[in-house]
Amino acid sequence: MKIQTSECILSIKDVSKTFPGVKALQKVSFDVRRGSVHGLVGENGAGKSTLMKILSGVYQKDAGAGTVIFDGETIENTTPHESMHRGLAIIYQELNLVNTMSVGENIFLGRFKEMKGMRGTHTSARELLDRIDCKIDTHKLVSELSVSEKQMVEIAKALSFKSKLIIMDEPSSSLTAEELVELVKIIHQLKEQGISIIYISHKLDEIFDFCDVVTIMRDGQIIDTKAKVDLTRDEMITKMVGRSIENEYPERPQNVGATLMEVRSLNTRKLHDVSFTLKQGEILGLVGLVGAGRTEIVRAIFGADKTDGHQILINGSAVRIKNPNDAKLAGFGFVPEDRKLQGLVLPFSVESNISMASFEKFTKFGFISKSKESEIGIRQAKALVVKTPSTKTPVKNLSGGNQQKCIIGRWLENDPRIFIMDEPTRGIDVGAKYEIYVLMKAIAEKGGAVILISSELPEVLNMSNRVLTLFEGRITGEFNPQTASADEIMRAALGMTEGSANP
Amino acid sequence: MKKNIALLGQSFLRNYVLIAILALIVVTMLVEPNFMTFANLINIMRQFGPLVMVSLGMTFVIIGGFIDLSVAGTISLVAVVTVTLIDPIGQVPAILVGLGVGALCGYVNSLLVLSSGALTQAEALFITFGMSTVYSAIALMYSGGSTKHMRFLKGDTSVIEALGQGSVGIFSVSFLVFLVCLAVLWVFQTQTRMGRAICLTGGNKTAAHLCGVPVSRSIIAIYTISGFMAAIGAIILFSRITTASPVIGAGYETNAILAVVVGGTTLKGGKGSVLRTVMGVLLVILMSNCLNLLGVTPYMQVVTKGAILVLAIWLDNRTQI
Amino acid sequence: MMTIMESSAPLLKLATKQKAFVAIVGMLVLMLFFDTNFYTTYNLLDMLNSTSILLILAFGVSLTVISAGCDLSIGGIMVVAGIIAIKLMDVMPMWGAILCALVFGAFVGFVNGFLVVQQKTEPFIITLGMGMLLTGVAQQLTDARPVPASNPDFMIIGNGDFFGMPYLVIIMLVCFALAHWLMRYTQYGRNLYAIGGDYEVALYSGIDVVRTKWIAFVISGAGAALAGVLLSSKLNTGSSIYGETAALIVNCGVVVGGTSFAGGIGGIPQSALGLLVFGILDNAMNMLGITSYIQILLKGAIIVGIIWMDCFYQKRKRELV
């Protein structure tokens, strides 16, 4: 598809980006026509966010690799601030607003003088918000707004720069159905005003609803760019997922046994009456949007957060878990969501990171045996094939996948019966992912059970024996991923259907 | 042990501050022949006592990722309480009560830090500063603001005198006390589970907590140790100068932080060692001594120490991660 | 459990946010029950007069705290600037000497800014070290003795009045107006709030974060120098002993007012209220004849209480997110 440059607001050619050890983007090229809504789809890790960050100037593309032409200008070494003024705005998933300041001031952040003071700021902000039919008081603090209201503020901010292109990065990921309708309305309005939009999402419905052109990305490459009318749903899915699907995941565990753990009426500020069971030998997947309460459930079970009363039965007898140490003793293992902030002690050695959950094994009368500790470190590093020069190397020098293996090895040392994994493969390369899947399977097959949380739906669907969907702190469905369709499961996770299709 | 020495060597090379101080010592040796005299070395050894005790305690707080400004108040309070109790209950019980008071002060700090949920050094800094003021005020109230002289006491003060002036062979008693404390704390830090828990707490509190490492108990331990070590420092201090004023501890907190940081324990928490702190204290004291011999005023020494503290923190910030 | 937590949250929020106001009203009401000279124009004006210097310090410090920093070197800057003004008056006209003092303060602020903003060092301990360094400088300059001013006119600034309104209060009010205008009505001030609220967002919005925050430290330094000049003028002497605890009291006062060390919130009027808490407390305690030791104790306890509440509120906020 050849388009004249003048018709294109943005034209990307052969852009590459390399991070240490990872090729995030390889020779990416596509064009965005003026006044169109351009969908960009791909699974997590396909390189969508990296590409957007290069456009906005948060990252710089590899030197000399490709060109970016925006509105007729070739762009090199830009900054977020520059590209905003040029008319290219990005609305990120993690919203870019100062929580402690008012809506009006956020829209004109850093442009107080231009707006001729506070009054001018708020009047202009009002006008912008009115343009998108938004009723938010401009004097309200951003911290008091809901996610969708914050998005509106971001859109108003984009309009304030007279943006010609607005990029929305997964804007619907934390919206309710009604809020999404509002957003779609605004997108249509913007389009009428001649503003182009790149809409990033992995929800095919949305893409089919209102995008004109769709670009599909996978593994840092553009697979195809086509007008929506020329594209079928199945074609899109095949291109998104790619042919490597068959050998991307090992077979799921086979021998699901009796109930191992039962959680009864778990309540916290964000969770409402959550009850479920976990069977021996299974992998249980939790599916839900960001903020639906997936992480909250496992943290509560693990004793990391306070709850308003709940009951846990393991093998039929009640267990009291007040803190992570109790959970550890009860046979839990836990891979936290954020590897660097919650999992690792970065400046410490691989060995002490592995040994830190199994003090009992190498201490006597409170004294540490260094040699036994080394044994543990070496044993687990070997068993999990952690690539490290030595177990004394600081763990911060390892790659993401090997760091994650250290965390898993730390718990395997205790032979956990119930292994909780929250986003175990986030930011890890494909090879290491597979190894982690195999580990998960091994834990389940040794008579344990795994609770798996992941934002990558294919991962959960391909690895779990059973899937629970969550929406706004409630369990909205239970599915057998081998029989239920991805669509059904997503619908339940979006709160659109109640009830379950039991296996 | 060999590795520890190698580590020390590495930190030397990394640490420009140490090199600067060593250069100062060399210059002093060349310019001032009195430096290497026996009397001066004894003098250095005696000065060593109180500061090193306080600094050893402070090391644990800093490894644990916090800071303790309350040692100034704690030292004053312990000194005053111990001296006034010698007559009524005898010297050994008085010393024991003093040590108890020190540990209690630290324990109270830890409870405040824990209950407020303070996570950062900054929060702990302000809380412990406030507690320092409180402890100083209690010391002032208890003593009525007057300085107590040991020679006016009726009771037996032989133990305290021995601590201050006595020696066994070529070592002063206080130096032997220091060796015992150092050995115990070194073993505690490097060989015990609790010591490891403290390091992990300083390295990453969240991760440590999620692994079942007793983070709360570690925080209680570091502050209690700090208070207890400050108490030992206080008793050695007044045994040497034979008076106890209610403001005797002023300035020890910054000197201890200085010694710990110059020694090479990072303010970011997690990594550090009591042995390094001993080096740090030695260097700080040698520096004072050199500056004294070179005829620099005590005020200029405060300036120098302040400058080195700023420089050391700056370098610490640059060299880590 | 749920309901208690939720219903107590707004109350806690109110008490934390408006704690200065609550405390002031509380003290004012309390003083109604005592038969003292508290409620006389003379006393209230005197109280304002003696709080003025702390208030001027607080305005500058507020800038650094709002931008998520902190300045603990102001005590040191204050005393050194006061001494510089008095000493230079012997060799140059009064205004020249005062100007030099202010330039000195701004320079120290510049260095602080370099270390904290440009080099990204933890502000709390490094500015504490800077304060220690400057205290040493002050002692060196004065030999730790008070230095009288040679120019009799100098005294007038700190002690004169304009139709009954002390000059100090007038200067304070001018500073207040300036600082408030800067923070509320200029791009610079709003940018500081943005930086404190979210550093990354401010950076990506094209705000020159380093320069903006750096300037906050320069202003804080210059403000502290002005306070030092006024203090010297009020006492007609320059001395190294004032301002030892001023830094921590002022920083705490700013937090009392509702400006949090987390940055981004608070303001100049809030800081003024926060410092007035300490001013009224001092005055009321004197009026009630509370002995000085108990005054120290109370102040320490209040600092601990306030910081404890600030930490606790931050922890609560973290848990709710």
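Per-chain residue numbering starts at 1, and chain names A, B and C are given in the order in which the chains are listed.
Criterion: a contact is a pair of C-beta atoms (placed from the backbone, for glycine too) under 8 Å apart; a residue touches a chain by one contact, two chains touch by 3 or more.
Note that the structure is predicted; figures quoted are calculated from it, not measured.
Interchain contacts join each chain to each other chain, per the touch definition above. Chain pairs A-B and B-C differ in how many C-beta pairs they share in contact, with the greater number at B-C.
Per-chain CA centroids place chain A at a distance of 44 Å from chain C.
Chain A and chain B have centres, each the mean of its CA atoms, that are 47 Å apart.
In terms of their C-alpha centroids, the spacing between chain B and chain C amounts to 30 Å. Of all the residues in chain B, the ones that touch chain A in their complex are 191-196, 199-200, 203-204, 206-214, 270-271, 320-321.
Residues 302, 304, 323-325, 327-329, 334, 336, 341-348, 352, 356-357, 359, 363, 366-368, 396, 410 of chain A are the ones that touch chain B when the two sit in their complex.
Of all the residues in chain C, the ones that touch chain A in their complex are 1-2, 184-187, 190-191, 193-194, 196-198, 200-207, 263-265, 319-320. Residue ranges on chain A touching chain C, taken from their complex, read 58, 79-82, 84-85, 96-101, 105, 109-113, 117-118, 267, 269, 306, 308-309.
Remark: chain C residues 70, 115, 119-126, 128-137, 139-140, 143-144, 245, 248, 251-252, 255, 261, 293-294, 296-297, 299-304, 307-312, 314-315, 318 touch chain B in the complex.
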